[in-house]
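There are two complexes below, and they share subunit A, which is joined by subunit B in the first and by subunit C in the second.
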Partner chain A sequence: MTTEVVAMHMSDGIVNAPTSLAFGVVAIVGLAICVARARRDLDDRTAPLAGLVAAFVFAVQMLNFPVLPGVSGHLLGGALTAILVGPYVGALCVAIVLVLQALLFADGGLSALGTNITNMALIGTFVGFAVAVALRPLARRSRAGLLVTAFVAAWVNTVVASMGFVLEYALGGQGLALGTVFGLMAGFHALIGIGEGIITALTVGAVAAVRPDLVYLLRGQRSELTITEATVR
Partner chain B sequence: MGAGHAHTLHHVGDSPVHRLPAHVKIVAAFLMVIAVVATPREAFWVFGAHLALLVGIWVTARIPVAAIAARSLIEAPFVALAVLLPFFATGPRTEFLGLSLSVDGLLAGWNILVKGTLGVLISVTLGMTTPVRDLLAGLARLRVPGMVTTIATLMVRYLEVIAAEARRMRLARVARGHDPRFLWQIGPTVRGVGTLFLRSYERGERVHLAMLARGYTGSMPLLGVPTTGRRTWAVALAPAAAAVLFATAGYA
Partner chain C sequence: MNAPVKNRRLAGFLGAFLLVALLLAGGASYLASGSPDGLDAVTQTGCSESEDTLQGQCIAQNAGEHATAGSPFADYAVGGNEALTGVAGVVGVIATLAVAGGLFWVLRRRSDT
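So, the complex of A and B:
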């Protein structure tokens, strides 16, 4: 069976040099803010833990899932990491994964690092987390609510991240009419988003069932201690 | 079982290119990629000149072209995009072998193809001549915050462990007859992803405690940081500078 990977990193040459550089600056400024704010969630000494989360993101991005017969996508993981470890640490982990993929595996162009980080690490993570926060009351109510929240967050995150690409293409791409690019990207990513959403929802559900204390989105929620009387025979 | 080898790009060797400090090579690679991307698409000879520079580096580094080609296949999906562009782009059209192709689309496709290929070749050259730990130390020397390099170092160190764990879980699923073809059959895979996160997180907690027990104070010591002389910088940046010159000449 031939599989074609549709969700992928941008290569060099898709957008021109000024756009690449401009988004490089956007990425660096965004990540600097993330580093500063991540210290609040995570002091220097717990950085090893974030390293393992980044390794997890890397491993999960290697997981292909079927979108249509013969076509597979891979997880971006923005909403997933944002819900599990928070947007700042999450964006940092995804960005580090992207940098190392470019440096160690030549996956994604060096000049496209700025655009890739902006789309997948910054837009993906923060949009996903904003949606999840908006739906947090629902997520706290029940398990089904949590799954729906995670699904919607991941779907929106995928589609909006692809709109980041459309914006970059509008600024510095050439060849295709903008409407065509918009239609292609929106259509494909609405499909990929369903896969991303289902995987994100079920993963968050699996983690919440065992260690709800690890789900960043639900932190600060104290479950009441319930005392049930055991029947003594 | 299930544990694989690191599939990073590095190609062991000892040449002038291998011996250059990593941070210098990172800067040179970024400059060269920017120069390639900035080259106007109609300046065909300039792309040949960029390629000649790379061939010069490969000869100096004594890395076989076959190994480079094998590692460059990652770029293949973009070739498809470049091939599609002439059919879908707008603007004046030309006839070729009975096909109606957009002139602008042809140029745009060529643009992505040649710049994407040269970009991958530059990344591959950097990756093949620099060990992973040197790349990370190079990032630290380029003033990347310590928190980021620590996360990156730990990630690289445990990547194979986590990936092997994922492979073992997949093997266990396949051995029990799991063969997902459609999205609604993905349940077991996804529960595996949840388990993988928990195991990664808990391993992170254990690794962190183990590091604290061995005196970790929040930053990794930088070992062996010789200063980089101007001559080293000049030698390493020479190809990148040449690439910038070629790109500028392309506008003339």
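So, the complex of A and C:
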């Protein structure tokens, strides 16, 4: 073990092997669906943007911010990526970040990749997107509406993703009473979610200010977009 | 608006986006809190850390040594040197951009023209 606490994600052995394996399968199936559906959302303009969104999530995940004495939090990135590049591409962005963190930076166990991807890339991204879509009329109404939408979607994505861990712990973890794990995870992530919300609102707000056409949530249906693009050309 | 101007503006926007990511990972990362994050704080509840080892009973006692702990960039350092966190951050941003950008470029719908 190193002195500095620099690991941010679940390590190997936090949940038992069957649970790790089961969520490995969940992650593989989920990501396979994302790869199949992502194609529709990627073109010559959005593919480079999506690559940068992934790189941006990697960068911001390094920036742990304090939430309580002795406790920090960092961006998970689900709502942020989903709002900017859509849920399928967004989940792949977060998953790629998690895989590289585990392989290159020894952050997040290799056997815990399934649980980490399930929580942050799949649950976080799709829950965040669902909230953002529910609030989309608000997001389209005004800039303030968009910022509120991004904040709320990000807060919910953080708290619900942390509940993914509680579920995995309930199935295959030991060492602390389940109720305590639930209470601490919910409490910490309710606070971390505020930071996630602020970062997500700032980022989405900045992109929307310069290139609203690149914000997935604000775009119309695929067909509408194609028509608009054709008209512009 | 004609296509070259559109492309140049997009390239400018994407370049600015990359610059922000590089500055955050390469510079702002030095300001990051060193406290355990919410998840680690929970898994370490019940333990205290002394002499690089966890004492007491907590979830983190079940954690194994990381399989890639020998990576040159392990723990966001370079060869164990934490003063080079910014370098590790820049490497991570570029690696992520290469892998994600490469995958998305391969997956993208080709334009009809």
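FYI, the second predicted complex is superposed on the first by the 199 of 233 C-alpha atoms of A that agree within 3 Å, B and C clash if a C-alpha of one lies under 4 Å from a C-alpha of the other, contacts with A are read in each partner's own complex, and residues count from 1 in each chain.
The working rule: a contact is a pair of C-beta atoms (placed from the backbone, for glycine too) under 8 Å apart; a residue touches a chain by one contact, two chains touch by 3 or more.
Given the structure is predicted, the values throughout are model-derived calculations rather than measurements.
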Touching partner for A:17 - first (subunit B), second (subunit C), both, neither: first
Touched partner set for A:106, first subunit B, second subunit C, both or neither: both
Contacts of A:84 with subunit B and subunit C, given as first, second, both or neither: first
Which superposed partner A:205 touches (first subunit B, second subunit C, both, neither): first
Which of subunit B and subunit C A:189 touches, first, second, both or neither: second
Which superposed partner A:145 touches (first subunit B, second subunit C, both, neither): neither
Contacts of A:180 with subunit B and subunit C, given as first, second, both or neither: both
Subunit B and subunit C footprints on subunit A, overlapping residues: 4-5, 8, 11-14, 35, 38-39, 43-56, 58-60, 62-63, 65-67, 92-93, 96-97, 100, 102-107, 109-110, 174-176, 180, 207, 210-211, 214
Subunit A partner contacts - residues on subunit C that touch it in the complex: 1, 3, 10, 13-14, 17-18, 20-22, 24-25, 28-29, 31-43, 45-46, 49, 52-54, 57-64, 66-69, 71, 73-77, 82, 85, 88-89, 91-97, 99-105, 107-109, 111
Complex interface listing, subunit B residues touching subunit A: 7-9, 26, 29-30, 33-34, 36-38, 71-72, 74-75, 77-78, 85, 88-90, 102, 104-105, 107-109, 111-116, 118-120, 122-124, 126-127, 132, 135, 145-148, 150-159, 161-163, 165-166, 180-183, 186-187, 189-191, 193-198, 200-201, 203-205, 207-208, 211-212, 216-219
Interfacial residue positions of subunit A with respect to subunit B in the complex: 4-5, 8, 11-14, 16-17, 20-21, 31, 35, 38-39, 43-56, 58-60, 62-63, 65-67, 69, 84, 92-93, 96-97, 99-100, 102-107, 109-112, 174-177, 180, 194-195, 198-199, 202-207, 210-211, 214
Residue ranges of subunit A in contact with subunit C within the complex: 1-14, 35, 38-40, 42-60, 62-67, 70-74, 89, 92-93, 96-97, 100-107, 109-110, 162, 165, 169, 173-176, 180-181, 184-185, 188-189, 191-192, 207, 210-211, 214, 232-233
